[in-house]
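Both complexes shown next keep subunit A, but they swap its partner, so subunit B is in the first and subunit C is in the second.
Right, the complex of A and B next:
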């Protein structure tokens, strides 16, 4: 009995779990996507592409897609710009506080998304920390609009995906080796040149991995766009929720959900491909 | 005139003094080994030379110019790392070209020099490979070529052969030595392997606890160790406990020896195993010959020689005999003789 033949049994518990709570509902979703909505607003059992064609013909779907992609791209970029130096520091430090610092960095992950959003409201709101400080310093007269708009959602989303990106970066920094940077310096490269020629290229696979993860998490985020957007920020995730609950339009919600899922799978595949190519 | 001059170098890490007052003068074109056990400060010394760590005290000069605080990238040192530290994302050619590219040399000149450097280390034709597609020995050569191509002021080798298997290490030892000689490049070689130090260098600095215990030509280090540590660390030696008796004579294993020794106290007599001979008990000691007697515990055949372990009144000793000569039978009573001049006497170390 070889190890490779035994291996699939180890996947069985997780496999059954995923099958039951993910694959089966997704199949039901797929079935719903072919249903129609009758004149009364009730769902009509059908096997047609009517709902799908109508949804994709609607200009709003395109706008939602663009909004989701743009929001995810900006939030991921901001989060990456903040996470990369931090992760590099955590990866390298030999401080005995390293473990504690790493936990602090990923602590937001352990806090409920709703609680985190209320935190941001306290910081970014009209009477929040930022506006209060700026006003007391006399830098602004009227409060800046930092929440219930795209700015607030982008900030909140960037913060919420950072812990995941930090973990992905730390996991992906494997090839990074202090000795390589020392070799670069001994060969005449300044610290800045060493970063550009050695550190950055070697951490590129980690960056792609982390960015891919951050992007996917942003695309599927619901709480942050919903609560920090104040009803003014429309993305795919919020629309799916609206259609499924407020409008009880299950077929449209199903079409949009599957569409989002497909988008994510394509993005994930692309980032994996890129990461693999870079690792070579 | 010395080319590379280390004066009073000191480096502390927390409470531990890694390097303590190391001074060393190296002539242009000379190869010097820093030999010592791990933790003796040899690598720290090398890293201070390369500018990878800053000394707490002391100065480093090259050709009269002080470089003690100069950043690593402006020192022009060729550093070959123990792990080779080849850039995994760059081809062999780009690895070797790295230093020249950073110096802003024209493309055509870089290409020509890289080709020459790869030819020098016998790696022509492998320029497009990635480092991980090379064997350990080949990686070592790339690292050497990369360090040499920048025409460094000093070539620094950090345990550079320790990751190779024994056969390859022998070959690389001779190869690096001949390249070093041909280019006349000043070289500092850090190693814990005495064979490497003895065969590859003009002089050896034996380091112990952050200090240089002795510096000299390989023969001098081997034949005239200045301290007990050097005698123990370089080559093999029997340390035979001895003392001066009330009659003023040196007594070793209950036998009286004619040796120059400290006026009083206990000390050890160091003798290299291959300088000792086993003779029949009946054979008397000649003039200027030290002689002890004992019983053969066992003989071990080691290929090019036979190690004979002998037990006597004061403990055990090992004699190295050329293989092929008849080894004495185990359990037999024999005498061991050696020229008195082959004895080195060091004070007993407090345990």
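Right, the complex of A and C next:
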């Protein structure tokens, strides 16, 4: 057997692992989606589409979808706007601190999501760092409402996806050819024009890849909307948790989980398709 | 020649022998699943440790189970191979477990202690595990608040704008609050909650968070809010631990019982020890010890509670008179409907 033909065997351990911890529970989830819940909340074993039909007939499901998409879009846009220049700097810098700076940029990934969120509460709360500073400067008389609402969730989520997007951008910047930018400058283009006409188009595949990743991570984010939303931010991830662990309604939770999974797969496929087209 | 003392000792030993033999014959381990934190700490000291002292052959493992819904989820997932023998959880979820066949029925023949329980404690579980503790919804507030809270209607005070943390449905605190506000407005939750919704809609802009994390008590102690909804037992404990910074109020407009039931898992691997533990947990000494330690009202009507401790629970006649008769089984049926109304009519009014 040639080395090339043996190569797929390398996938076997990971394949078995995924099968055990992902595929099997997903199948159980699918089974639960066909169950029903009685009037007292007790689960009834069934093979019916009643739960799915009722879930999709409820306008709130589409409100949740829209909320999730909107939140993901805003958080991803903010994160991208902050991550792109930062990543470009890290990619281009020749500083001896480059490695350390890159580690600092992705350091939040190493901290628990819950801890990060409580950090944001300390920063954005009524008596937090931001409101304290603004009040001490006399810029505001009453604290701004920055947490327990959409603002807080959007800020927290943008921060939480930034490290992943930075990594994706750094990986995607491989196609950035410095000589093309130098050629543009030598032909008289200003730095801004060079950026808009050369750098940005060349980095579009990286942007799409990073945005896709950020969007998908935002769609499935649970901790940030749950802890920073103050019960005002309803998205698919929080609703799935609520149905499973507060209402004991596993069938509805299963239907919503599979629906979210399908949405995420479609979004990932679209993002990959777009990135591939841009690379051509 | 046998003395009178020897005869007396022999007689007493003969009477006590069956109980001693029973205690000695129990062995192995059982797992109790219930709430974590101060509940676990205090329940271990006042109920579990005395049980293990009386039954040296039995080890009780305490498994913190998260919320009641998470606990019933765990029992449901382990139905084919139960790992938990006894569960203490909220009646709204134990009812689900009873219907799904996750728990065993308890008979007075096997559990004579059932006859010592208050009628409402027996009624809570029906033929299944009865109530083991009663708690009630209270308002908790910062002692620095002036003027202090004296009634539920005070929540609508303009000076409390942005200073309130309340747990909205599906959290049972939110469900209980709905019934309380409806009663305050002169209605009856069994007929309609329209009046409560209207009143709560007006309260929405004053609410800082509808989902206090980690809980309302912490938010007050950390200065994030001044008022929150809470449970009496924990409020009493945290009030003591904070040297009075946290004050609790049982609103004169009325409150609602939260009931924890004790449940024997169907197919328990050590049923005899699990049953013995349930008998012990419902017994007068265990009920007295836990109530006096943590201020849950007892389920055993014969438990002689220290009057000072009883006054801090819903067990005292004065507090008991304020309780609104709520049938949680009724509320379970309308929980989703109430939840949706809260989202659309109350939380939506609080702004994004």
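Here, the second predicted complex is superposed on the first by the 280 of 280 C-alpha atoms of A that agree within 3 Å, B and C clash if a C-alpha of one lies under 4 Å from a C-alpha of the other, contacts with A are read in each partner's own complex, and residues count from 1 in each chain.
Note that in this section a contact is a pair of C-beta atoms (placed from the backbone, for glycine too) under 8 Å apart; a residue touches a chain by one contact, two chains touch by 3 or more.
The structure presented is a predicted model; accordingly, all values stated were derived computationally and were not measured.
Q: Look at where subunit B and subunit C land on subunit A after superposing the complexes, then choose clash or fit.
A: Aligned through their shared chain, the two binders fit side by side on subunit A.
Q: In the overlay, answer first, second, both or neither for which of subunit B and subunit C A:186 touches.
A: Only subunit B is touched by A:186; subunit C is not.
Q: Now for A:53: first (subunit B), second (subunit C), both, or neither, which partner does it touch?
A: neither
Q: One more residue to check, A:95. First (subunit B), second (subunit C), both or neither?
A: The answer is neither, since A:95 touches no partner chain.
Q: One more residue to check, A:247. First (subunit B), second (subunit C), both or neither?
A: second
Q: Of the partners subunit B and subunit C, which touch A:226 in the superposed model: first, second, both, neither?
A: Once the two structures are laid over each other on A, A:226 reaches subunit C alone.
Q: First (subunit B), second (subunit C), both or neither: which does A:202 touch?
A: After superposing on A, A:202 lies in contact with subunit B but is clear of subunit C.
Q: Figure out whether A:272 sits in contact with subunit B (first) or subunit C (second), or with both, or with neither.
A: In the superposition, A:272 touches no partner, neither subunit B nor subunit C.
Q: In the overlay, work out which of subunit B or subunit C sits against more residues of subunit A.
A: Larger number of subunit A residues touched: C.
Q: Taking the superposed arrangement, what is the smallest distance in Å from a C-alpha atom of subunit B to one of subunit C?
A: Scanning every C-alpha pair, the shortest subunit B to subunit C distance is 43 Å.
Q: Across the two complexes, find the residues of subunit A that touch subunit B and also touch subunit C.
A: none
Q: For subunit A, which residues count as touching subunit B in their complex?
A: Residues in contact with subunit B: 175, 177, 179-180, 182-191, 193-194, 197-198, 201-202.
Q: Give every residue of subunit B touching subunit A within the complex, in rising order.
A: These residues of subunit B touch subunit A: 50-52, 71-79, 81, 83, 85-89, 98-99, 102-103, 146-147, 150.
Q: Going by the contact rule at the top, pick out the subunit C residues touching subunit A in the complex.
A: Checking each residue of subunit C against subunit A gives 66-67, 69-70, 72-73, 76, 92-93, 95-96, 99-100, 162, 167-168, 170-171, 208-211, 213, 223-224, 329, 332-333, 335-336, 339-340, 343, 347, 350-352.
Q: What residues on subunit A touch subunit C, complex-wise?
A: 38-43, 60, 125-127, 145, 148-150, 226-227, 229-234, 242, 244-248, 250
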